Amino acid sequence: QQIAIGHLQDLSGGTSDVGTPYGQGVVDTFAWVNKNGGIGGKQLAVDSNDYGYQVPRAIALYKKWSAPDNKVAAIMGWGTADTEALTGFLANDKIPDMSGSYAAALTDPEGTSGKAKPAPYNFFYGPSYSDALRAELTWAAEDWKAKGKPGKPKFVHMGANHPYPNAPKAAGEALATELGFEVLPPLVFALAPGDYSAQCLSLKSSGANYAYLGNTAASNISVMKACKNAGVDVQFLSNVWGMDENAAKTAGDAADGVIFPLRTSVGWGGDAPGMKTVQEIAKMSDPTGKVYRPVHYVAAVCSSLYMKEAIEWAVKNGGPTGENVAKGFHQKKDWVPAGMEGVCSPSTWTEKDHRGTMKVDLYRARVTGPTDGDLNDLMAKGVIKLEKVKTIELPRKAEWAGW
Amino acid sequence: MNTSFLIQLLVNGLVVGTLYGVVAMSFVLIYKATQVVNFAQGELLLIGAWVCWLLLTKYQVPFWVGMPLTLVFMFAFGIAVQVVILRPMIGEPIISVIMVTIGLSTVFQAALKWMFGVNPQPFPPVFASKAVDLFGLQIQTVYVMSLAVSVAMMLGMAWFFKASKYGLAMRATAFNQQVAQSLGISVKNVFAMAWAISATVSAVAGVVVAVVNGVSSGLSAYGIKVFPAAILGGLDSVGGAVLGGIIIGLLENIAQYVDSQYLHWGNLYEIAPFYVLILILMIKPYGLFGTKDIERI
Amino acid sequence: MVARSTIPAGDFRTSYAADTTIFPTKTSRNFAIAGVILLCFAPLVFSEYWLSVSIQIGIFAIAALGLNILVGFTGQISIGQAGFFLLGAFTSAYINNTYAIPVFFAIPLAGVITALVGLVFGLPAARLKGLYLVIATLAAQYILLDFFSRAEWFSGGSVPASANPFSIFGYTLRGDRQYFYVVLAYVLVCYLLVTNLMRTRDGRALIAIRDHYLSAEIMGINLTKYRTLSFGLAAFFAGIAGALYAHYQLVISQEGFGIERSILFLAMIIIGGTGSIMGTLMGTAFVVLLPESMEWLSHNLKGGAIDKALALNNNITFLREIAIGLIIIAFLMFEPDGLARRWRQIKTYWKLYPFSH
Amino acid sequence: MTETLDTPRAGAGSALAAPLLSVRNIEVVYDDVILVLRGLSLDVPKGAIVALLGANGAGKSTTLKAISGLLKTEDGEVTRGEIMFDGARIDGIDPEKIVRRGIFQVMEGRRIVADMTSLENLKLGAFTRSDREVNSDIEMVFNYFPRLKERTGLAGYLSGGEQQMLAIGRALMARPKMILMDEPSMGLSPLLVKEVFAIIKEINRDLGVTILLVEQNARAALSVASHGYIMEQGKVVLDGTADSLRDNEDVKEFYLGGAGDQRKSFKNLKSFKRRKRWL
Amino acid sequence: MDYTLEARGVSLRFGGVKALTDVSFGVREGELFSIIGPNGAGKTSIVNCISGRYKPTEGRLFHRGHDITGLPPNARAKIGIGRTFQNLALFHHMSVLDNIMVGRHHLLKNNFLTGSLYWLTGARREELKHREKVEEIIDFLDLQSVRKAPAGTLSYGLRKRVELARAMALEPHLILLDEPMAGMNFEEKEDMARYIVDLNEEYGMTVVMIEHDMGVVMDISHRVMVLDFGRKIAEGDPAAVLADPHVKRAYLGEEDELLVDPDEAPSIAEDAA
């Protein structure tokens, strides 16, 4: 008797740059769980699928997973568009989905906010895109003040016209206005790498001081490089998927100074008791343990272990049905999976609020030299550094729920 | 009116457009000889970029050696693709051959991701001074180089088709393969040649964009940009392709100007070229320099 | 496309009516009817998975059929079919959500509205030829997508729109098992309509334009009208298919309906055989099943000996993509005229069996 | 059944010279199923003009395409028999190689490259040559067909007859050993037909080009040819010297238009037809 | 006006090429009118003007007294003008039958809506009715055996015949034939000539024919017009026109052995007996 889990990952589509390490993290974690006896003596049967960031393929897979004859206990999801597309089905079929999409619309289980449809079976680990951006804006407002520059700072939202980059747009712009920013018209750039010189020239001519990069790393890099070339003087605030160690390596000095949120308390090799577990898990796909794992991998380990513990609770309390697993998420407060102390941030999901955390750790990417060479070396030598800037504890405002 | 911003955008459009032009030229080349629309053009560009990257980073070859090596490789690669995949398709319905190039692009795309991973890779610095200043805009040295190279390639290509015996043979083959064969022209060789040259020319563009943006699978998007460029110039005109590329480049940037100054739609730069394209086609159904079909009965 | 029609000996036709039937022989007709009857039992025996695969085949086959009218019969290549597919999907959802028009009527209505828009986009077809037209359709696709991503009132902008399940007079169909019959009915009707169209006046006019537009014009065929019309027809079927898809998936997202999907539609008809109605269905099945079977294969490979030996890990997905590409290439190398031709040849072979040279 | 009028087949031309081209018993199938040539044989002696006559659909063009290798592009295939040229087998090899060996086909229906000028078309004719005399040969062609020189636009806009001239001119540019001509007089005005046949004779005599001539204008064809074959339904049904064919009753009736030198009127035809003796 | 078709001062230029210069002529109802002339004289061009492919640079064309100079080609099918082409223009992948059915396009009433609903709208009945007409034409031109063959696989001569059938299917009263006998042997020309004469005499169609075979032109046409370098150089009774020294010089060359007085030729029936 096995417990079935559906796993959507993007290894070949528009977000494969970050989808690959995250997907690997999920696969490794469950493999590790299985190796250590599974859950309550049951092995996990993880059906991992590369869906290429295509909604129809996600839905087709979902049909398979939701069929009564072999219904899964839970889904490890991925993108914003596909997760939002599945939301209604998940609620209907009572299957919890731990997604890689942190859209705030997924955090309102009962739809009480009026901003989003009810999403009782959606979960994710980390601050929502909107909350992360709110924290970044809060920091930016302080930064502006600290620098003592005159006038209103200008804020601009940048990203593809796509559910994922758009998810925090309204929230960000609303808070920015509130915080005294002048909000400029958004700038659009595609989810694929390309030449975005024109956008950077617009950015330059608009005189923006803070620009939010809503895409994933690959295309953000293009923008950062192009803007560097065009001599744009702007502070980039990146989405959680928009910056990581690989991106810093590729972008080189163009990535220097970018602010981004980190979901885990430490990165790969960081000083925390839980890091040992992470390294154990990483051995599942790399027995040498030498491969450097970017932040998304570590976040995936956390997400998967939350799922594991929720299932564990379900197994003990009536069996691993989707409904029970969802209940499992609601059991604990300030929850850190066993063995992950100091790595995963304490999270709480309640029946009424699926904002797991309101705490946002802001980091700054530091690149201090040429970035050719092995990532392990670069990190070890400190050529690339992820520097903690500030932890922002946002208030759990009811009016911020769901958007 | 923000003139300096507009000028910067126009200069940027010119530079980027020239690159579109180079790729469009290589696209037109295959079309002219084989009547086949090559959907894998962007991937040829990408392969060129990765190969050069590999030579420069893994084998630490200097650029002035790596670049020619890349071109030689791409020439051979073009021939190989033609011989193995497209040669058996000679004489089959064009639309099926086009579909094969689409299949090829899938295969290349996946194979490259497999070999080089999904993460973009930075290109080692190639030129001592990275940029030159033009109207207050920093223009990458590679872009300036590519401008020179593409003008040279365009002239060479134009001469080739107009005056050389093999250029004539290519045109005859495009017109009708059976007729070409009846004249003693080896359709196979003509096609192989077309693919080889086209792959080589694309690789030049590939390396140029890679130097600027780093290498990643996204570069193959240039393959799509090429369609409007080639069509705008007129499918069978080499000069037209370059001009079409430049026009598309300029249009994108003008659209960006209008958008960021007045409209704030967000992605006008992506869509505007297509509106203009349809407009131009309605006035000139064969693009700016394309030859009209002969309608004689 | 050029194989001579061969009719088994002994099958004499005594009237012109008998000579204009859809099926060349009585047996083939009986086979077709039997096939349809068997399909009616499919929901009882198929697993959810196979059901959903067959529904997809059915829906895409309708859109591909429309495209085949344009490409195969009129000779105008389009890479914009996915745009019209989406338009149909959004339209049906929109008119159903906003004007409370029952889904039962919304689907055909969406087809008609899409067809009208298709006519407008078809206007350049009167002037453009070959690749110039292809790129104009590409432009149409981009323009439509841009519209969808902007028109929040209509399509929800970049957020997926939602659609209601299929319902007839207050009775709502739930689940794939019931929806299967809706799709089956649409497939049957659409394929019959097009078969009829192609053996009557306007269908012949389209084919005539494909084969020789100059002489078609002199035979009294209005080129502008028919070229535009074929765009309208293609859009109609795309719209119907899109609407069916919307009420099947219940959410409509632009994702996955860019030019890649338009190209897939093209692949369906090329693999099936341009200008072949039955081929369209076969080609669609091929294109839908290919990635599915590769998925299945890569799944079984995963963790297996080959995987370990080659250290494939995640690269299996690239292997799968490569395999899909290679199979399409190989298929076209061996069967450049599509499945329809081989099918015809097999039939000819059996008909002529002892005598086939 | 084949009826030979005078000398036995193999000897037909061998009295003069060894056959340059010899087609032995070939079968041609289109599209894997349609059998068009059913065991056809013919010889063309070196330096001769041989006429190949036959009704529409008899397979004349197919025969020429089988020799020049162009069948392949039409899904056709030689499934039996062999074709020898200049002492070597040429069936199955690529058409462009056959051109290089010296056989050039003037295809039915002109087939000039419509989007090139006449001059470019002529240059293409000389594609396989690398000598320096190409330009003087272009002058030679323009001398034969002065009209071509006047029309400098794209060849696709030429009139039917002008295109025919260009097609013949292009063949001359290749300086082949042998030309296969598929209905060279089609669409030409009576004056030009005479000229074209004069030119055929001339190039045969002056340049020593061997010619296999498919022609519907049997009278003209037999007046230049030394030998003729008559095809029906994929087979040779009659062959002999040009003179012997001209005297054959059937040939007179079905190809030359009436017995003797008298011509029947087209006006008073009845639908009744007499059976051909060779069938 | 008793001309079915009349050209008044028609000129046609393509850039520098003068394809036609001030050509005027008239064709009477029921006539079999031939146009001859050297290659490139403008014969096809004038037919193209009549069928609407080309628009004359100058001059007017009248059909039964109406000015049709600017009428689009497809509208000319409706007023009863049909034609065949010098360089074959069949629908290659369609069967012979369908090719001919296309000719009936303007006579059929069903459209894409009624056609798709075949059984419900009477489209079937209409199609079958016209199919009968087409079969008549097939019988008339002896095409029975290739009825279902794709036109692209036929031999040259048969294709010409199918073209004629397709043009006939339009039920035109004026039919334009561009070199209908090119590429045929004597026997086939006989057949073709017979069809054309029947077309003219039994179906009562007015025929305009371009032909290079002087025997045919002389025997069957009522009147002949000669073009040279885009100008009309002669018009009138065939025998008289062919005897014209100007025509001989421009077109026929010196005495043609094919031209024998038709009255002296033995008839085919005698020969058979």
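Every chain is named by a letter (A, B, C, D and E) in the order it is written, and numbering of its residues begins at 1.
To be clear about the criterion, a residue touches a chain if its C-beta (ideal position, glycine included) is under 8 Å from a C-beta of that chain, and two chains touch if they have at least 3 such contacts.
Everything numeric in this text was worked out from a predicted model, so none of it was measured.
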Common touching chains of subunit C and subunit A: B
Of B-D and B-E, pair with higher C-beta contact tally: B-D
Averaged-CA centre spacing for the pair subunit D and subunit A, given as whole angstrom: 76
Between subunit D and subunit C, distance of the C-alpha-averaged centres to the nearest whole Å: 48
Centroid distance [mean C-alpha coordinates] between subunit E and subunit D, Å: 28
Inter-centroid spacing, subunit C versus subunit B (mean Cα positions, whole Å): 32
Where subunit A touches two or more other chains, by residue: 11-12, 20, 161
Contacts with two or more other chains, residues of subunit D listed in rising order: 34, 157
Shared interface positions of subunit B, touching two or more other chains: 110, 113, 267, 270, 297
Subunit A - residues contacting subunit C, complex: 11-12, 20, 23-24, 47-50, 53-57, 59-60, 63-64, 66-69, 81-82, 84-85, 88-89, 161-163, 166, 285
Partner subunit A, residues of subunit C touching it in the complex: 47-49, 52-53, 56, 149-150, 157-160, 162, 176, 249-251, 253, 255-257, 295, 299, 302, 313-314, 317-318, 320-321
Footprint of subunit B on subunit D - complex, ascending: 68-70, 72-74, 94-96, 99-100, 104-105, 107, 111-116, 120, 123-125, 127-128, 154, 156-157, 170, 174
In the complex, subunit A residues that touch subunit B: 11-12, 16-17, 19-20, 161, 185-188, 190, 192-195, 197-199, 201-202, 204-206, 217-219, 221-222, 225-226, 229-231, 246, 249-252, 371-372
Touching residues (chain side subunit C, partner subunit E) in the complex: 1-2, 4-5, 16-17, 20, 193-194, 196-197, 199-205, 207-208, 210-212, 214-223, 229, 233, 275
